[in-house]
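Please go over the structures that come below.
Below, chain A partners chain B and then partners chain C, in two separate complexes.
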Partner chain A sequence: MAYYGQIAINILILLSLSVSLNLLLGYAGRVSMAQSILFGVGAFTAARLVLPKLTDTYNANVSGVGYGMGWPWWAALLGAIVVTFIAALVISLPAVRQVKGEYLILLTLAFQLGGQQVMTVWEAVTGGPFGVAGIPAIKIGSMSFSTVKADSTVRFAILMLIVTVIVIAVCWGIGESPFGRLLKTLREQESVLPSVGKSPIRPELLTFGITAGIAGGIGALFAFSQGAMTPVNFGLDLSILIVSVVVLGGVGNIFGTIVGAIILGGLDPILSNTVGADAIPWRAVIYGGALVVMMMVRPQGLIPEGAFRRFKKGKSTEEMTPAEAMESLSRVSATHEVGSAPALEVYGLKKSFGGLVAVGGASFTIAEGKITALIGPNGAGKTTIFNMITGTFKPDEGTVKLFGEDITGLSVVDIANKGIARSFQDVRICEQMTVLDNVAVAVPKQAGEGLTNLIFRPLKTRKVERATRERALECLALFGISDKANDLVGELSYGDQKLVAIARLLATDADVLLLDEPTSGVDPANVEGVMQGVRRLRDLGRTVCLVEHSVHFVQQLADRAVFLDQGIVLAEGTVDELINQQELADLYFGS
Partner chain B sequence: MNSSDGNLLEVSDVTAGYNKRRVITGVSMNVKPGEIVGVLGHNGAGKTTLLKCIFRMLSIESGDIVFDGASIAKSSSVKTVASGMSFTPSERPIFRDLTVEQNLELGAHSVRDRQAIKDRMGEVMELFPILGERRTQLAGRFSGGQQRQLSVGMALMVQPKLMMLDEPSLGISPTVVTKTFATIRELAAEKGMSVLIVEQNVKAMTTIADRVYVLRHGEMVLEESGDAARERSEWWHLF
Partner chain C sequence: MNFELLAQLTITGVVLGSFYALMGMSFGIVYQTSKIFHLANAIPFAAAGFAAVWSAETFHLPMFGAFVVGLLVAVIFGLLILVLGYFPLINRNATLLSLFLVSLGVTVAFPNLLQIVFGTQNKTLQVYGADGTLNRAFETQVYNVGFLTITQLDIIKIIVCWLVVLCVVLFVNKTRFGRSITALRTNPTMAAAVGINSKVVYIVVFAIGSLIAGMGGLFVTTEFVAYPTMALQWTLIGFIAVFFGGIGSLPGTALGGLLLGLVSSWSSVWLGVQFAPVVVFGALFIILLVRPQGLFGKAAA
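Coming up: the complex of A and B.
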């Protein structure tokens, strides 16, 4: 019984570590190879906190038995969680700033390997290669939970099962909340979050912290249950195994991770029972082989993200017509004093890249409630101007005013919150997320995006989330695509994807919407639908400014146009006025 | 062997794009032997994508492309070069860290005959004297116009039946544009070579083209003779 108890404990520990990593790897899309060392940081921290103080009666010189702070086990557990949380923040700071993708793997790998070295030499804390022993077990009343004795092993297995269920519930709750929606957006299209006025830094840091905090807590329980441990317990092989579990089970799906942990965790005892000692070399071959085969046959994992989406679909909401959506949305539309100042004023905007002048002093205004197009030959600086208005580039000179307020030089997030939202030439929608989630992420002021609200105000969070989803549905209904709300965006046609991106803009509540080539890449058959969508934004009272290369479409779409060449505004007026000027034609078509 | 209707290149009803992003839709066009054909259109209209499809750098969703009498819809760019096509992209079409000679040799990568390479290099340098003068210099130090001449020279090294140029006027001064285009005109007449040029510079293109097409938003909206295009006073509605 105790033997099976120990196997169960091993699998449950692997499972908890993997589920928490899935939050980071699956939801936020950040691969960490340092999960094992963080598990170790928690274990050694807890051990030092819980071990008795060095006193005359407690002789620390007994080989391998250490001394510590003499805290109760629950305080040591909390301490371990806090310390690993902070350690993870240190690791993740460079990751949040600029280290991405493969470099993050290398960075976390460096922390893992460096951490192992530190553990091996820092004898005062880890006991060096001999490790720490004599760690007291958890005691509740007269019951003790540890793997030292048979009956308490079974008890610890049950305790570990409860803990694992809690970890799964926490990770599931976070992953499937509005906060999790931020993480998924971060994973798929990082640049989208700031463009809808949400900083990606806080959720990313928090996720690194939570993932590590859970690993630290599990590490503490591991320390209490084993009584003794060495740095070898926290090697790179465990980190790799954890990542393998997540990848095998399916990233972004907690249930996949459960299956993965049971398979990979269970393989070990099965092999040693059937093959015996010879199993050790085979184990690596089987792990490696299984991963290679999985990557080829089923790269999305055994139970991929969204595997249960179909079952959730059942709840069908009443379809809303575009007209009804229009009415409903116009009520929540933010309003300004009409006619007080132009929606957007750009004055003397300059930007050079090295010696190349991209924008050389552009000045123009965008009238409220109209569709204005920026046109001009290739290299006229249209997209650069967009980037300066939205804060992606800081202008070298000049000012940008939004309804009379100077917003020059503010960050992308701040400018978005002031009321300017933009779309991108290359749509940047999140293909693995549903249409509804793509739009819902842009709705401002969501209670569920804060962890404290998620934990302490679940009812309020749920209420706000219902309103958020309703809002997103209205935005979709305006463009006639609310029937696709539960589909994955990746399954839609390109024209519909463009509409989802425009609906996302609308959901931000911003007054000024900048559209970068809204019709490019759209099938000719669907172009009219996209143009119709842009006109509806205007009909809602939004101010639209767009870059569009096809003059033919600009003629049909825009009320006004600004003609740029080499970063200077040459003319402003209606589209027809502009195309009747011979100089502009010469510039556009050569002379 | 040319196809029965005498076209060197025949693109019929081609649709292509990148993943879901549809860039050209149902495009048909052709190039006859010895003809200079221009494809005009706004930025993002699908001009470069069309060239990539013809050169077999991009797979096509539907339609067919026939070159020199054989379908190349499922071919590869390695084979299209061997069958007599060249393609000069618009951006950085040369190797900056190599000399003029090395660049030209690379242009002739698919040619086995050393003597032929030497002869052709001589021809190219005759055509563009500046390349002969600076034959041992690094191409990266050249002006935009000189780099453009070198890139055309590289394309000529395989003596293509069809030379495709993507925006040869990009980044070079108007006088150099006129000169380059005049040279292209001469070449086509002298060697009976067909040239397919993609351009945004309508005026430069119409001065040398036998025929022009206009792509708008991935669809062909115009085909007319070079003469008619030169007479045209209004282009806006086509862009």
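Coming up: the complex of A and C.
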């Protein structure tokens, strides 16, 4: 029994560590190679906290074990979670400086290897290469939970099973919540989050912290159950094994991770019964090989993300017509009072890159509740102006005012929250997410995006989430695509994808919507649909400013136009006025 | 601190830093061209060491011959990883993350395969005379200049490392082929349009990177021993030199490596030698926090 108990414990520990990594790797798309060392940080922290204090009656040298703070096991467990949480926040700190992708792999890899080095030399805490022994087991009443004795091994296996179920529930709950939606957006299109007024930094750092905190807690349980450990328990091999479990099972799918952990965790006992002493190297060869083969033949993993989506399509919402959506959306009042100030004023905006002047002092105003087009030949500086209005670039000179308020130089997130949302030339929708989620992520003030709400106010969170989804559905219905709400965006036509991007803009509640080439790349049959969508934005009272190349489109749609060339405004007026000026037409179409 | 200690630590630091720079070149040329986080660069490193030891023992090759075999094997392994591991994924436009995962998979499998095939024992390079008889472990000459100590091997290491740096920098910046590397890096689409075959460029770049990694493996084998997990820490040092010095700047990488070597050597006065890797990782962390583009890298627009 004890033998199988120990096997079960090993698999459950691997499973918990992998499930928590999946939150980071699968949902947030961030690789951490440090899961094993964080597991170890938790284990040694807990050991030092739970070991008895050095007193006259308890002499560390005589008893042959270390000494510590003498905390009860549950306090030591909490301490381990807190310490690893903070450690992970520190490692991921460079993420604040937009350090991404490979940098993060390198940092976590360096932390893993550096941490191993520290563990072997910092004898005061880890006991050096010989590790720590004599760690007291968890005791509840007269029952003890550890792997030292046969009956308590089985007890600990059951305890570990309960813990694992909790870990799975927590990771699943976070991953499938509005917070998880932020993470997936972070993974797919990071720049989208600031553009809808949400900082990507907080969810990213928190996720690093949670993943590590879970690893630390499991580390503490590992320490309590084994009674003794050495730094060798927390090597890079384990980190790689954990990544392999997640990738093999399927990133972004918690259930895949369970399958992956059982397969790779189950290798150990099978191999030690067959190849004996070579079990450890063979195991590494097998999971390393599995990783390679998986990426070659089935990169999405055994059970891919969203594998169960088709089974839970959910209650099909009653189809809402665009007119009904219009009515219900118009109840959302605009945040700004209708006043005399123009929606957007731009004065003497300048920007140059190196020696190249992209925008050379552009000034224009955009009237509230109208559709204004920025037109002009390629290189006129239209997109650069968008980037300066939304805070992506800081202008060299000039000011931007939103309803009379100076917003020049604010961050992208702040400007979006003041009420300017933008779309991108290259759509930037999240292909692996459903249409509904793509839009829902933009809805402001969601309770479920805060972890405290998720944990302490589950009912309120659910209610807000229902309202959020309803809101997102209305936005989709306005453009006639609410029937596709549960489809993956990657499966839609390009025209529909553009509509999703526009629906996402609408969901932000922003007053001023900047559309960067909404029809480019859309096939002619669908252009009408996009145009109709833009008109509906205006009918809802939104101020629309768009950059567009198609004169046909601009003529049919825009109330006013601003003609730019080489970063300077040449003329403003109605579209027909501008098109009829010969010199402008020559510039635009070429003479 | 006394002057003698500082001078000796500086010499140690230069030796160490030169090796860091060498490892930086190996990863730098691969990474700046392909953007692949090529952790598997550890494989040619270890393969060279084992091939040299094995061939010397089996065929009684003189040292030079064993080195040639080692480097050849390093290049072969590097290209195998590229052609069998990366090309299929590149062909279907896989993400850089999946390329990294392939790299991770082979990196974890390889040292364990070495262990299964050659056992866990350390492998010492045996030196055979030209006639194939003389057999002893390699020993280096030690020079004492005043109060300073340096070995012959250290001197050779410094010279070889900086020669390699010079060759790589000149190759990338001055030759026609080097310019196509730069073109591929800065604008892959345009590079394809003007007829640069990215596959060929990758093959050349990986061959160079693996060759240099193999040199690293041979240095470690000659100075110490060859063992299955010998490569990873040095590979990582190469990565750190690249990110520390500045991505896309090979001279920056070399200087970054040298600086890291000096810093970790000097820091041993206060921290003890065993903390040298921690100092290197700490330096990387601080640089990424205050200057994400690296010490000598250009800020992105």
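By definition in this document, the second predicted complex is superposed on the first by the 572 of 591 C-alpha atoms of A that agree within 3 Å, B and C clash if a C-alpha of one lies under 4 Å from a C-alpha of the other, contacts with A are read in each partner's own complex, and residues count from 1 in each chain.
Quick note on the criterion: a residue touches a chain if its C-beta (ideal position, glycine included) is under 8 Å from a C-beta of that chain, and two chains touch if they have at least 3 such contacts.
Just so you know, these numbers come straight off a predicted model, no measurement behind them.
Of the two partner chains placed by the overlay, only chain C lies in contact with A:V247; chain B stays clear of it. Contacts of A:F111 after superposition on the shared chain: chain C is touched, whereas chain B is not. Contacts of A:V551 after superposition: chain B is touched, whereas chain C is not reached. Touch criterion met: A:Y103 reaches chain C, while chain B stays clear of it. In the superposed model, more residues of chain A are touched by C than by the other of chain B and chain C.
Legend: residue contacts after superposition of the two complexes on their common chain; A:D523 is shown touching chain B, with no touch to chain C. Once the two complexes are overlaid on the shared chain, A:F353 sits against chain C while remaining clear of chain B. Here chain C touches chain A in the complex through residues 35, 37, 39, 85, 88-89, 94, 96-98, 100-102, 104-113, 115-116, 232-233, 236, 239-240, 243, 272, 274-275, 277-278, 280-282, 284-285, 288-289, 292, 301, going by the rule given at the top.
The residues of chain A lying in touch with chain B in their complex are 377-378, 493-494, 497, 517, 519-524, 527, 549-553, 555, 579, 585, 588-591.
For chain A in complex with chain C, the touching residues are 29, 31, 93-94, 97-99, 101-103, 105-107, 109-111, 113-114, 117-118, 120-121, 236-237, 240, 243-244, 247, 278, 280-282, 284-285, 287-292, 294-296, 299, 353.
Residues 17, 20-23, 25, 42-45, 169, 200-204, 216-219, 235-239 of chain B touch chain A in their complex.
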